[in-house]
Every structure is written in C-alpha cells, then in structure tokens.
Amino acid sequence: MILLQVVVSGLLMGSVYALFSSGLTLIWGMMNVVNFAHGDFVMLAMYAAFFAFTLLKLGPIFFIPGAAALLFVLGVVVYLGLVRHVAKGPMLAQILGTFGLALVLRYAAFWAFTANFVSLPDNLVGGTFDIGGLRVEASRLLAGVLALVITLSMHLVLTRTALGSRLLAVAEDRNAAMLMGIRPDRMQAIAWGIGAASTGVAGALIALFFYISPTVGESLSLIAFVVVCLGGFGSVPGALIAGLGIGVIEALSAYLIGAVYQDVVVYALFLGVLWVRPQGLLGTN
Amino acid sequence: MKQWPLVVIGFLLIAGWPLVVHDVFLQRVGALVLLAAISASAWNLLGGYAGQVSVGHAVYFGAGAYASLGVYTELGWPPIAGAPVGVLVSMGISALVGTPTFRLRGHYFSMATIAAAELFRILAANWPLLGAAVGLMGPPVPRSVADLSFISPIPYHYLFLAVLVVLLGLTWLMQRSRMGYYLAAIRGGDRAARSLGVPVLRYKLYALLLSAGFTSIAGSLYAVMVGFIDPDSALGILISVKMLIVAALGGAGTLFGPLVGAIILIPLEETTNAMFGGGGSGITFIVYGAIILLVARFQPGGVAAFWAVVTDRVSAGRRAPAVPGSSRVS
Amino acid sequence: MFLEARGIVKAFGAFRAVDGADLDVAEGEIVGLIGPNGAGKSTFFNCLSGDSEPTAGTIRFLGQGVTKGSPEAHARLGMARTFQMPVTFEDMTVVENVMVGAFLRHPHRAGAIRKAEQVLDFTGLAHLASSPARSLGTPGRKRLEIARALATEPRLLLLDEALAGLTPAEVRLAIELVRRIQGLGITIVIVEHIMEVILSLAERAVVFHQGKVIAQGAPRAVVDDPAVIAAYLGHHMKRVRM
C-alpha cells in the first residue's frame, strides 16, 4: 500500500516534469538548440506565483495563467534577443548563450530574493483526499492532473491545428516551410513562447506544494534534459511517458534508498540509457 | 609568430607581478588568476581544441582536490603528494566516462557531462571517507615546507606559474603537431575527419586524458593553497562553468585565450567578492553569466577572435593587398 | 581485383536502399556510378568508403576484406573520399585543411607541410593557401576536399558528386583535374547524376536503379540501353506527375 502511495505521488510529480520537459523538447525539435536555462524559467515562474499571491493577493486561478503569460513573453524575448543569433553560431556559442542566461537568472534571483527558501501557504489549495486508502494532497493532485491535461493539449495543438502543422513544417525543413509562405523566425519565436509558457504553468503548479529557492532551477534543468533525452528529442508523447517514468523512479528511489540518492539514480539511469541508445529510449534515429 | 614579443612582455609582467605590487590582496589575485588559467587551459584542451564542450570538468578538479586533502587526512602525507593520485583517479574516471560519452555529439555530450559531474558531487557529499557534506581540511599548521602552506601568496604565484608554463608549453607543442591538427579536424566535423584517416575516438580520448590530468592538478593546487574543500567548492557545477567561461571569454581553442580570460575575470570576481562580502558570489555569477551571454551573442570566438580582427585590420592597412591570415593565435 | 563489391545490401528498416549490387573496379580506371535520384548510388558509395556498414555482402580492396572497416581504416588502406555537401574545416586555413590529410602518411609537421604544398600546387589552390577555408565558395570547397583527400596519398579516390552545382566553366576545370589525378595512377570512382560528366570522363559507367545495377559498360553504349532509358524516363515521368 505504501509502495502504491509512493508510485501515485511519483506519477503526479512526473506529470509536472512532463509538462515543462515538453516545452524543452518542442524547442529542441524546432531548432536543435538546448535551453540550459529551462529549469531557471521554472524557478522564475515559482517566484512569480509566490509574489502574485503575497503581494497582489491573487489566487491560483489568476497566477497560473499569469505565470504562463509572463513566461511566454520571456521566451519570445529570449529567442529574439539571444537564441536567434547564437543558433547560427558554433556549438560552443549555443551552449554558452543559454548557460549564461541561466546564471544571470539564477543569481539575480539569489541576489533579489536571497537564498532563503520561501513557500506558498499550505492551505492555498488545501485538503487531502482519501481515495480507497490512498492519501493524496489536493495541491499535488491539482498540479498533476492539470499538468497532464495541458501536456496532452500541447500535443493536440501540435498535431491537430494549423499552428501545429506550421510549427512542425519549420522543424521538418526550414527552407521548404519558407517556400510554403511560413515565416520560420516567427514560428521559432512562438515555439520559444510556448516552451517557456509550459515552464510558467509548471512553476506555478510546483509552487503550490514545494518550497521555492533561487537554485531549484539547476536540478529541474537536469530533470528536463533527462526526460527529453529519454523520451526522444522533439517528441511530446515521449516526454510525457519519460516524465511520468522519471517521477516514479525518483519517488521509488527516494523511498527505497533515501532522498539524497534520488538524483543519483536518475542521472545514472540517464547516462546508462545515453550510452546504450544515444537517440533516447523512445526516440527514433 | 609575430606575437612573440608580446608573449615575452606578458610573461615578464606576470612573473614580476608579486614583486611589483606589495598589497597582499593584489598578490593573491595574481596567484588566483594563474590558478584559473591552469584549469581553463586544461579544459581548453578538450573543450576548445577538440570542440567537445564539457560542463562536467569539476569531476577532475574535485578528484585532484580530494586526493590532496585525502592523502593528508588518511595517511598524513603532505597534500601535494596527492596530486599524482588525483591525476591517476581523473584519468581513470575519464577513461570510464569518456569512452561511452564520446559517442554523443554536441549538446548530448554537454548534458551527459553535467549529469556525470552532479552524480559524483552527490556521491562525495554522502561519502564519509571524503568528509561528506563537511568536506576535508588540510594541515592547520604547516609541519614542514612540504605541506606548501604559506601565509604569503608569493610562493603559490611561482608554483602556479611554473605549472602554467609547462601546460601552455605542452599545448603549444600539441597545437603544432599532428594531434593539434587532428583535434581541430574533429572540431570541424567527425565525419570528414574520419574520412581523412583521423582516429576520432582515440584522439578525443587523448585530449580528455590530458585535459582531465591537468584539471586534476589545478584541483590539487587549489586544495593546497586554500587548505579546505567541500563538495560545492571542489565539485560544484560552478567550478565546471567557471573553466568554460574563462576559456570562452579569452578564446576557446587558442593557446593564450584561457589566460587572457582569467586576467579579465578573476580580478573582477575577487573585487566583487571583496566589495560585497559573502553575498558577492551571487553578483559575481550574474556578471559571469552576462559576460558569456554577451560573448556568445556578439563574438563567440572571445577576445582572441576580436584580437585577430583588430590585428588583421592593422596589418591589412599596412600591406597593400589584404591577405587574411590565420585566425588562430600562435 | 583492385576493388570488388559482391551482393551489397543496405536496408533501412524494411526499405532496401541498395539491394544486391555488385561492382568491380580495375586499377587505374575511372568508373562512373549513375542513376536517377534515390537509386541507391550514394548509399552504395557510403558502403564502399566505410561510412556505413552494408547489411549484407562483402567488399574487398587490394585483396583485403574491408566490409566492416571504419572510415579511418579505409583511409589508411588507401581509399579517400569527398562528400556531396563539402565539409571543410571552417576554422582552419586552406593549407591547414590539407595538412590534416597529409598527416596520415607524414606524421611530422615539416613533412606534412611539404606534402600539403605539393598537393595545393597540383590542385591549383596554392595562391589560397593561407586563406581561411570559410572564405571559399562552393567550387573552391569542392576542390579543397579533393586536395585534402589527395594529401592522404590514396590509391582509390571516391568522388561524391564532386561536380554538382558548378558552372559549365568550372565543370571543365574539374574534369581536367580529375583526368590529371588519374594520370598520377589513382583509380577513381565518381558518383554523378549529370550524364554529360560521365560521358566525357568515365571509361565505364555503372547504372543504378532501385538499389540494383541494371547496366554497365562504355558510357555511350549504356545511355542507349533501353533499360536505362526506361529507368530515367520513368523517374522523370514520376517527377512530372508530382
């Protein structure tokens, strides 16, 4: 029974991982660039949620879409101001560009908000459900379910809408897309917006039940890399499955061998998989 | 070649620095510049010359640092005696980690190196033999000169300078030899390099072994000088990132780039730390982040590329027909 | 036999890009591989050069089995290649690019420089020796790739569409270069879809269609072969319909 409890909480967390990792995989799929600041985007969204509540007295109904909108704008700005330029340059420049951004965001937060952990009040989304003996906190349930719904909708938008097919056309072949009258630059800016907005929602959701600190982005970035690599670069369904899987593995290893080693298990698994299948577990080619 | 006079003047300035300035803070900054130049130059062998951007070199730095203070706490040896141990451990780790990760290209490789480094950091932070989260201490009072524990930064300055000269000398030889050309070819593209008979995996591994070995020496020197290490100061991701930033700012894949980067960044870091105290590390990394962001955005080749543009322009002005020269500093 | 490929199959999943192709090349000749786009000639070519391992079949070069060899092992044995899309080392100068090839047989710098200069003279790139490779246009890059390959002192040179994308004047210069390379005693296999190039250059043409060799012989005779005409026409008609 406890094991089941652990698995369920792992799935709920994994669903949030899947959400922000989908954003990373979308960006990767569009232009073969990794956003090393992805986890720090999540961190910013967490602070945005925190201050929206403490300063502006806005509840989750407002701060979740608010964080998404804020991060969408940040994503577009980062694309236009930085990524668009470094993407043409050598690989080192691509890595340095978003890595530099990650450092700026992380330590600006450190400087502005101090290293102290903060958190939203526990009772913001209060209560605990008892489902057949399984105890699930309402905040985690909300986060997990909402993240799952949004990840699936992202997949639907990409596969079923005109915007999605235009995005995929650019990902597939930039030049061919241009001939079809699509403006790749605009599509890539939108992809960065959506990718960052996914961290906005995810961050606001995590803030409901998790402490907030300037350096929380570092391990979240690594989780997103792991999920994207395992799920196959560019695949939202892959990120969903891998995200849920990592959530469960993390929760199980925390329960079975101790919380300090949960990341060790995840990173070791990641390295192991990359060695055997450099294209990821679920990826092709 | 035309830059030799500049190199000699630079060397004399660096060698004379601690004798010219009498302020201990400035002397210390000088030693720290050299130490950062050693680790960034070591990173440069793999990340710059071979183009394999490692963000996990803290593993090797940490191996050196822990080996030094480890042989002291466990065996009572002088810390510097741990340096060869650290080099061996680093080469072992690099052979273990390098062979499989080199199959990964570009960003995959960088991500794998971050994950590997974080893995080692967490393990060290939970391993009692390595002092777990508390870390390790060097000898509180020097037992003999062999402990290399000095109050003045001057002996460190010359120790570091000697190591840096050896490292840059080797790098210079390497750069002009077949290996230098092969690494540059690998940076240009694996597939084309292999078609010309370059054994790509083997040369990447050579570069990693050399790079890891010297990074480990830098870690040992750091531990010897500072006398105290913990998982964050020896194995943290910022250690890896600093090597990358210092090398990239000066010019990755150039001989003197990392030294130039260290000369610019380390005084900046030490000044902000001195001005803002403990909280200064935050500001330092905002500045670091902003600098590499701007370097990546506007001049990915770093100061070296900027310098090449300037000297080309100057020489083009002097000679009538503009003949673009090699963009590499050599 | 100098180079001998037997029953080469290269499958990607269920799709057989090369489906049982044979090829014999005698020392000193120029052989052209032709065929419509997607006929499998480039895939076959990559199997010859060691860039991809055939799913089935054997390749022997100078009497040695090289079916599974890596590209670098092929280069050591005396096989060099160029790429359809030139991959020059952008950060390096022209002469440095060529030196990478020269280092294969001249491990010391001085020897490699001598060899590189000699190759640059031969290929007519000497005046560009110290220019950065990135400053070259497409014809220059293609020529640099050939120079780099020659610096490895190959006995067999594999040219992958070395003439595509060149103007007629540039094509004439390139054809002249390939003839001079043959004059050095180097055997040449060239993949090309410009028929005129094969007609004026190759002594023997091998026609690929749907992963198989459907005809081979003197270029003039091959282009009149009804099977070849059908393959090309069929391809064109498909293109028209699309």
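Some observations on this one:
A, B and C are the chain letters, set down in written order, and residue numbers restart from 1 in every chain.
Rule of thumb we're sticking to: a contact is a pair of C-beta atoms (placed from the backbone, for glycine too) under 8 Å apart; a residue touches a chain by one contact, two chains touch by 3 or more.
Quick caveat: nothing in here was measured; it's all calculated off a predicted structure.
Closest chain to the protein centre (all Cα atoms averaged), using per-chain Cα means: B. When C-beta pairs in contact are tallied for each pair of chains, A-B comes out on top. Using the mean of the Cα atoms as each chain's centre, the chain most removed from subunit C is A. Centroids of subunit A and subunit C (each the mean of its C-alpha atoms) stand 46 Å apart.
The centroid of the Cα atoms in subunit B and the matching centroid in subunit C are 42 Å apart. Spacing of subunit A relative to subunit B, judged by their CA centroids, is 32 angstrom.
Shown for subunit A are the residues in touch with two or more other chains, of which there are none. Subunit B meets subunit A in the complex at residues 47, 51, 53, 55, 100-101, 103-108, 110-112, 114-116, 118-119, 122-123, 125-126, 237, 241, 244-245, 248, 252, 279, 282-286, 288-297, 300. Residue ranges on subunit C touching subunit B, taken from their complex, read 49, 51, 70-72, 75-76, 80-81, 83, 87-93, 96, 99-101, 103-104, 107-109, 112, 130-132, 135, 148-149, 151-152. For subunit B in complex with subunit C, the touching residues are 176-178, 181-182, 184-185, 187-189, 191-200, 253, 323-328.
Touching subunit B in their complex are the following residues of subunit A: 32-34, 82, 85-86, 89-97, 99-108, 110-111, 218, 222, 225-226, 229, 260-261, 263-264, 267-268, 270-271, 274-275, 278.
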